[in-house]
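Structures incoming, each one as structure tokens.
Both of the next two complexes hold chain A, though its partner changes from chain B to chain C.
Then we have the complex of A and B:
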């Protein structure tokens, strides 16, 4: 039986449909769960927090939804070792909830995904996520190749990792820096980073490796029609490109 | 109930009283109202007529002219009768899918408070699409700004605020921005243009009409959304007067306050209501609140069903206590919609909005609530407290009033000297090309559109920057594609409003054809000056003739549109004639989409179309200071043949890349095709001399930079392409692609990386 995945919708979430579609396309039993249905959350095997502007980014992106009752269930599930993936606004919520890098108490964030640099405005740009830890370091990435490159769209106004120098060192040394931004050929440099994020950070994981927070959207470059290089390769509607990350999530859930 | 005194006042006294009350109604209109009612109108009534009879709502000076536009054809699912039109996209799994399209302007508000003005523009157009029962799938923004060079200027503030407003609203509601254009001109200094286009998706049997259904007497009128406040009172009337610099602070109160967060939730809740109604086979009426607020929306909903209405203003959820009844009735608080529902269905719909999507918790005072009922008597009645504050015949309120203003015949328009004025040989291509690419109307738009989410929903096939039109694949599990383009060149509008209107249609159509799509239909937004001025009203009237002619010739009907007049400041600075057109195209299979980046070295480049010596309105003509010459004439037989040939070539799979030729001409188009390749393995261009492909009858500058149109296309099968070209088509081999980052012309050679740098720089100063 396919693993049951909840795609969470907070007031202001806007990417639930494509996130649900790609989860379904990799064989997961995905359901969209609204904030008024929070009580149904314990029955799921894994949780995906999609992009958007939950609670309209009040205070800071992710800060208010981190305290939504839905997150009580997500935090409890994370402590039980269930898999949790946050994308864009979902990543911001996981960071504000203290689930990544997870080095402090719950709901006491130690770092932030905050206003992009050098000029603080929304950026919609095609990017590549590069796996910066051993695949097995995080359960969700375990099925990926070493240094895997995943195409995705950065589409956010607050994606720059900001933390104290000491905490950034802790993130590096603890193996929390799961993904960095890279060029299409895998090169990593400043020009590949769309938002001046510290460490070139595109994604973080927790100590246990069951929570993954990534800023760019692999699900927006996840079918052949989404990308010029793949439009003439077979079925135009087939999942491809960014699907890799969701396929890895499905594989992790199927093994569990 | 207090009245507005009409009877017994002289014309002068009445005019003063109207101005004092902030009414745009004329003396003759006020007398007509008092005469028909047989009494002085109440304060609420006079404001209701002020909104309903404004140009914005009534189209009083445009409706009879707009009838000239073709609105029928096999691609039309629903023409321009409601808030949005619908085009047949195609069939999939035995179901007929339609694309909803609406097009509006939010010019006046954006000039005064740019961020809120532009954001509410997006919000309004999205509601127009939503209320047809559609899922909102895309937006596009044609923008026109004044001179923005001075960082301290109001024009710079407007240009930045508008883009930030569009981004903030569109990004938050999760609708991809897939097309748009941008022009600058000093004549937009006092009146920016902010047009918004939105697309929706539905099945043919799922359309919800903006009318009370045929059996709906006694049904509930349900208001959904934000708590009514004092914002946007007088908005419709405000849009129908000229902007006065000194009144700008006073005008701010007429601008509505957007709430994209609440809208995001209302959209999703409304989708859930659509599903509920479909599953239970319930017919309902649904309409968005725009101009004229609760009064305008409910009056039109009920009137178009042949009914009247009774509204109880005490039942409206308000944000502030003790709002005057005219503000509750007519104020244009954003983020509101209105349902007409059978009484037994109402509780289910209220539950979806108020409980499942918890509107009251999402925004203070927001909810869905019953505010009145449909009645068979054709009278529009509003109650407030113990008073009847409005009681008028509904058809008198909403029926078409008409102003036929004087028009000057076409022949009186001055045609300036058509002869070439610049000295041949004085301007080299080497000098001009960098200037053309750095021109404010040509340079890269990326600093602007990078701020817009172009890929949310995961359906985007061509985001902005990779083709003339945006393309999405909106039907889940289907390869059907939707293309969207916009066009409307103000430099042409200054030279010749009629031909400018025709070029807007032709360019919009060519742009969707250039991505491999079949043009389905059009919308138009007619942005002009004050209609009371014979010059501007004549431009407007003749431009409609131009729009009608081009659409007939190309076989593309209009399914919706909008008129924005009074784009003029009190100092008399009026905008250039700005008919702006959007075109929707369909792709049977998005796998066949064509983008503009060049694909491989040593392929052949073709010009499809005939270069022309007329250069009026062209960017290069401005740069060599030749202004006022005529636009290149349009030969519709050739244009239609080129489009038909291009479609045959794209359907046959002969084309690797292509672009329609417009702003900046052939070389600007080729540069736009080469620049994206610089990120990877650069592909350059080598052209033969234009004398060899124009027969020597067209000047070098005109051949390279002329904006008469056509397409440029890359193919690996040049001979095969030539064999399918019919006699009426000019298909000209102009050169090859090459494995080097350069543009090689007969007379000069350019480093594409350097040109790319020049092209990218200018707009980044405005949008850092």
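Then we have the complex of A and C:
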């Protein structure tokens, strides 16, 4: 039986459909769960927080949804070792909830994905995420190859990792830097980073490795018609690279 | 050169303040009302008599259809208020006559029942629980 995954919808979430679709297409029993249905959450094996503008980013991106009753269940599930993936706004919520990097108490954030730099701007760009830890460091990436490269679309105004120097040191030393931005050939340098993110960070994991927060959207590069170089060639409905991350999530869940 | 401080508030209903109010109440912060304002501190080379007019002339900061501007007597938070500043924000260039730069804060003013400004402990609790992410912001209180 396929693992059950809840795709969480807060007021203002807008990427639930493509997230649900890719979860379904990698063999998961994915359901969209709205904020009013929070009490159904314990029955799920894993949780995906999709992108959007939950609660209109009021106060700060992710700040209000981090305290939504849905997150009570997600926090409890994370403490039980269930797998949690946050993408874009979902990643911002996980940071505000203190689940990643998870170096402080719950709901006391030690880092944030905040306004892009060096000048605040919205980024809409095709990017590549490079796995920056051993695949087994995070349960969701365990089925990926070492240094795996995942194509994705960055679409955010607030995706720059920011934290105090002390907390950035903790992120590095604790192996929390799960993904960095890279060029298509895997080269990592400042030019590959679209938003001045500290450490070139595109994704973070927690100490236990069961929670992953990534800013770019792999689900928006799931099929060839989503990929900038493959729209006019070959089978446009064939899987593209972004599907690899969700397939790895499915493998982790179906092995569990 | 004179230091001047203004609070620019919505005169239409402030949905963001209402969301913050309900979220804070749910987190156990006992307040009756919450006001949000954009706070700007400026070093002004001009005269005081036309200062408000010059700031209101900047259409990026002030829209007369939805904003009201208050000149604050002191360049620090009022009773019951916290100012939140992004740690890496620094000075922001502004297009106002005789003013080159300003510092921007988000001001949150909390009131208890009877519209009395909230006490210091309540303001601190609200900033720690919701209004300030210390990884990227700092909170200044009265």
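By definition in this document, the second predicted complex is superposed on the first by the 248 of 256 C-alpha atoms of A that agree within 3 Å, B and C clash if a C-alpha of one lies under 4 Å from a C-alpha of the other, contacts with A are read in each partner's own complex, and residues count from 1 in each chain.
Throughout what follows, a residue touches a chain if its C-beta (ideal position, glycine included) is under 8 Å from a C-beta of that chain, and two chains touch if they have at least 3 such contacts.
Just so it is clear, the structure is predicted and the values come from calculations on it, not from any experiment.
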Task = May I ask you to decide whether A:87 touches chain B, chain C, both, or neither, giving the answer as first, second, both or neither?
result = neither
Query = Which partner does A:35 contact after superposing on A: first (chain B), second (chain C), both, neither?
reply = first
Message = I'd like to know which partner A:63 touches here: chain B for first, chain C for second, both or neither.
response = second
Ask   = Regarding the shared-chain residue A:236, is it in contact with chain B (first), chain C (second), both, or neither?
value = first
Inquiry  = Between chain B and chain C, whom does A:111 touch in the aligned arrangement: first, second, both, or neither?
reply    = second
Ask   = Does the superposition put A:219 against chain B (first), chain C (second), both, or neither?
value = first
Inquiry  = By residue count, which of the two partners contacts chain A more extensively, chain B or chain C?
reply    = B
Request  = Once the structures are superposed on A, label A:248 by its partner contacts, choosing first (chain B), second (chain C), both or neither.
outcome  = neither
Task = State whether A:123 touches chain B only (first), chain C only (second), both chains, or neither.
result = first
Query = Common interface residues of chain A with chain B and chain C?
reply = 55-56
Message = So in the complex, the part of chain B that touches chain A is made up of which residues?
response = 164, 167, 171-174, 260-261, 264-265, 268, 355-358, 361-362, 449-461, 463, 466, 473, 476-479, 589-591, 593, 595, 597, 680, 768
Request  = Report the residues of chain C in contact with chain A in the complex, numbered from low to high.
outcome  = 15-16, 19-20, 23, 26-27, 86-88, 128-131, 133-137
Sites on chain A touched by chain C in the complex = 55-56, 58-60, 63-64, 67, 96, 107-112, 114-115, 162-164, 167
Request  = Using the touch rule from the top, collect the residues of chain A that touch chain B in their complex.
outcome  = 9, 11-15, 17-18, 21-22, 34-36, 51-53, 55-56, 119, 121-125, 153, 155, 157, 184, 217, 219-226, 228, 231-232, 236-237
